[in-house]
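In this document, chain identifiers A, B and C correspond to the written order of the chains, with residue numbering beginning at 1 in each.
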Amino acid sequence: MLNVVQLSCERDDRLLFSNLSFQLGSGEILQIEGRNGAGKTSLLRIIAGFSSSLSGDIFWNDQPLSTVYADFRLDCFFLGHKPGLKLDLTPLENLVWRARLSNTIINREVLLAALDRVQLAGYEDIPCSHLSAGQLRRVAFAGLIASPARLWILDEPFTAIDIEGVSWLERLFDEHTHQGGMVLVTSHQPLNDRQGKLRKLNVEHFGEERSVDGERGQDVQG
Amino acid sequence: MNWTFFHKLGSPKWFYDISGKWLPWLQVSSLVLILVALVWGLAFTPPDYLQGNSYRIIFIHVPASFLAQSIYMMMATAAAVTLIWRIKLADMALKVMAPVGASFCILSLVTGAIWGQPTWGTWWVWDARLTSMLILLFLYIGIIALRGAIHTTEAAAKACAILSLVGVVNIPIIKFSVDWWNTLHQGATLKLTEKPSMAPEMLWPLLLAILGFYLFFTMVMVLRLRIEIISRERKTRWVKELVS
Amino acid sequence: MVRGGKMSRVDQPSMRGFSACLALIRRDLTLTFRSPGQAINPMAFFLMVATLFPLGIAPDREVLSELAAGVIWIGALLAVLLSLDSLFKSDQDDGALDQLLMSPHPLPLLVLAKVFSHWLTSGFCLTLMAPLLAIMLHLPSEAFSPLMMTLLLGTPVLSLAGSIGAALTVKVQRGGVLLTLLSLPLYIPVLIFATGAVNAAMQNMPYTGHILWLSVFLILGVCLAPLAIAGALRVINE
């Protein structure tokens, strides 16, 4: 279980958010909202453990995150803006190196089945450079499907995905939470709440109403 | 042990207030010391029996070389403090010290070249100590350039701290390899562990000059640090009150 | 197999760090094999440096054999620098670096694997090419074996030390010159001892000392550089 207590983030003298707290338990989806630059990505990256300089506390299974990084990373799948795929490798090869890095036992059948589920069956031996942006996303989702991680941290997963893909991804979330998984996701699009498991958190509510912007404006004029 | 003083030391506001009181003393004492040392050294000490009057450049060359090297050590210390305790002031110090250190490095190289011309008959020789100093200058330039290239303040701070620490591990290795490679330079003018071989009438003004240069460096650093504090803390209330 | 099933995870006590390293090395070697330009360009550069020196100085056998060790080593050094620029940057650009940072395995270990595969595709290939350049530059035959030994011991140090700079400049646009500036001070000791060994051999003097010092640098590099590289990657990606 993920427990975030009184988190604050400051980037280059700009307070993105402060006193942000939430809990994410087994079987829950949390959608992070907020306009561009509100700090959605920063929040996800802090929680994923990329940044060690933060004020506030993050607990993973009631332990401070900084003491259980390895444990946390074993159980967490992070998918950022970029799908993190090597274009010269085939989808299958990409899935294999990523699984090895996250300490997973490779099972070719499972990986092929996952590629089949993202409608990329038959593409497993074609270099990723031949795939479209949407197809690359799907390859990354195949990794998600096959991964044993319980916590999914997804930054704007709906980019380059068609409408069908969106509802498909929502079903995937439902399935994952049904099995006790957790999903932390940022998105501009409103997600459909199918089973009452979805909660939303707007980062902007934790930001200060910036007097900073006003000052900047004056700087430009002066 | 009580660490409050340490964290108080790390507070930019506290440093700004206290350094304002030090500043006039630093300014006066450093200028007086340098002036006395230079007048004494340049006008009143006897000429060297081998080098004549040309040796007098040591009153600038030696303090500059001392500072160029010790500023790098101070930067490495500040880097360690930045990485371990995450004290902002340490990073500000690291930032403002680098250009000062590089300037003393250049001063040391230039005065060395001017001294080399009458002594060795050439402006530049590929001797071990000159080469080490040149490489030290590269280390300084690298840190300054890295800070300029990274746009986020926090990332730049930690990246420069890591680079400074890598450099400080590297310095003894460089010194040792360059010594192995070539040695022509005269032995160190001053060694702390040995009785100085210099005549006392030359030694005293030199020691005064070194002390004066150190004070001058402290003054320059405090001045630059105060400017850096104001610019980085410009969003805080105390700076806004100070400025208005 | 169940449709859409999941792979099982190795239980926590048996972290398979070594297997992750092998996967990473295999991935990077496959990538180099599929688009070999990244590896071939520095080698072409190496060859070109060796061609330009006789043209720029003199085709004289005596002069060239004096300079050969230095030219080969400087060429290798610059070629390694040229190849280092994309070491972490390509991973940064496609987001693969995030996966590296999110791995439960110790980052210094993974970084060491990446540097090793970089050495295999740069320093090691340059070492294999060196005899050709040594012939072109009339290096005396007694200096061949020390040249090869210094390259074998020294080029991994170049990869390790240069990777620190590559990690620090991973987000800098057009960071090539900065990378050179950061790496050169670290390269100087290697250059001094490597060329020193070859020159000593040419004067029929013992060069074991030089070789031992290069080994010391290699051991130091393997122990310390991965920590600095991992630290730098984390800091830059915060």
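By definition in this document, a residue touches a chain if its C-beta (ideal position, glycine included) is under 8 Å from a C-beta of that chain, and two chains touch if they have at least 3 such contacts.
Everything numeric in this text was worked out from a predicted model, so none of it was measured.
By the document's definition of touch, common neighbours of chain A and chain C comprise B.
Of all chains, the one whose mean C-alpha position sits at the greatest distance from that of chain B is A. The most central chain, judged by the distance from its Cα centroid to the centroid of all protein Cα atoms shown, is C. Among the chain pairings, A-C comes first (most C-beta pairs in contact). Taking each chain's centre as the mean of its C-alpha atoms, chain A lies 34 Å from chain C. Chain A and chain B have CA centres that are 47 Å apart. Averaging Cα coordinates per chain places chain B and chain C 33 Å apart. In chain A, 53 are the positions where the chain touches two or more neighbouring chains simultaneously.
Counting only residues that touch two or more partner chains, chain C has 238.
Of all residues in chain B, those touching 2 or more other chains are 154, listed in ascending order. Listing the residues of chain B that touch chain C in their complex gives 135, 138-139, 141-142, 145-146, 149-150, 154-155, 158-159, 162-163, 165-167, 169-170, 173-174, 176-178, 180-181.
Chain A contributes residues 45, 48-53, 69-71, 73-74, 76, 78, 80-89, 93, 96-107, 109-111, 113-114, 116-117, 127, 145-148 to its touches with chain C in the complex.
Contacts from chain C toward chain A in the complex involve residues 1-10, 12, 15-16, 19-20, 22-24, 26-27, 30-31, 34-35, 93-96, 98-105, 110, 234, 237-238.
By the touch criterion stated above, chain B contacts chain A in their complex at residues 86, 152-154, 232, 234-235.
Residues of chain A that touch chain B in their complex: 11-13, 53, 212.
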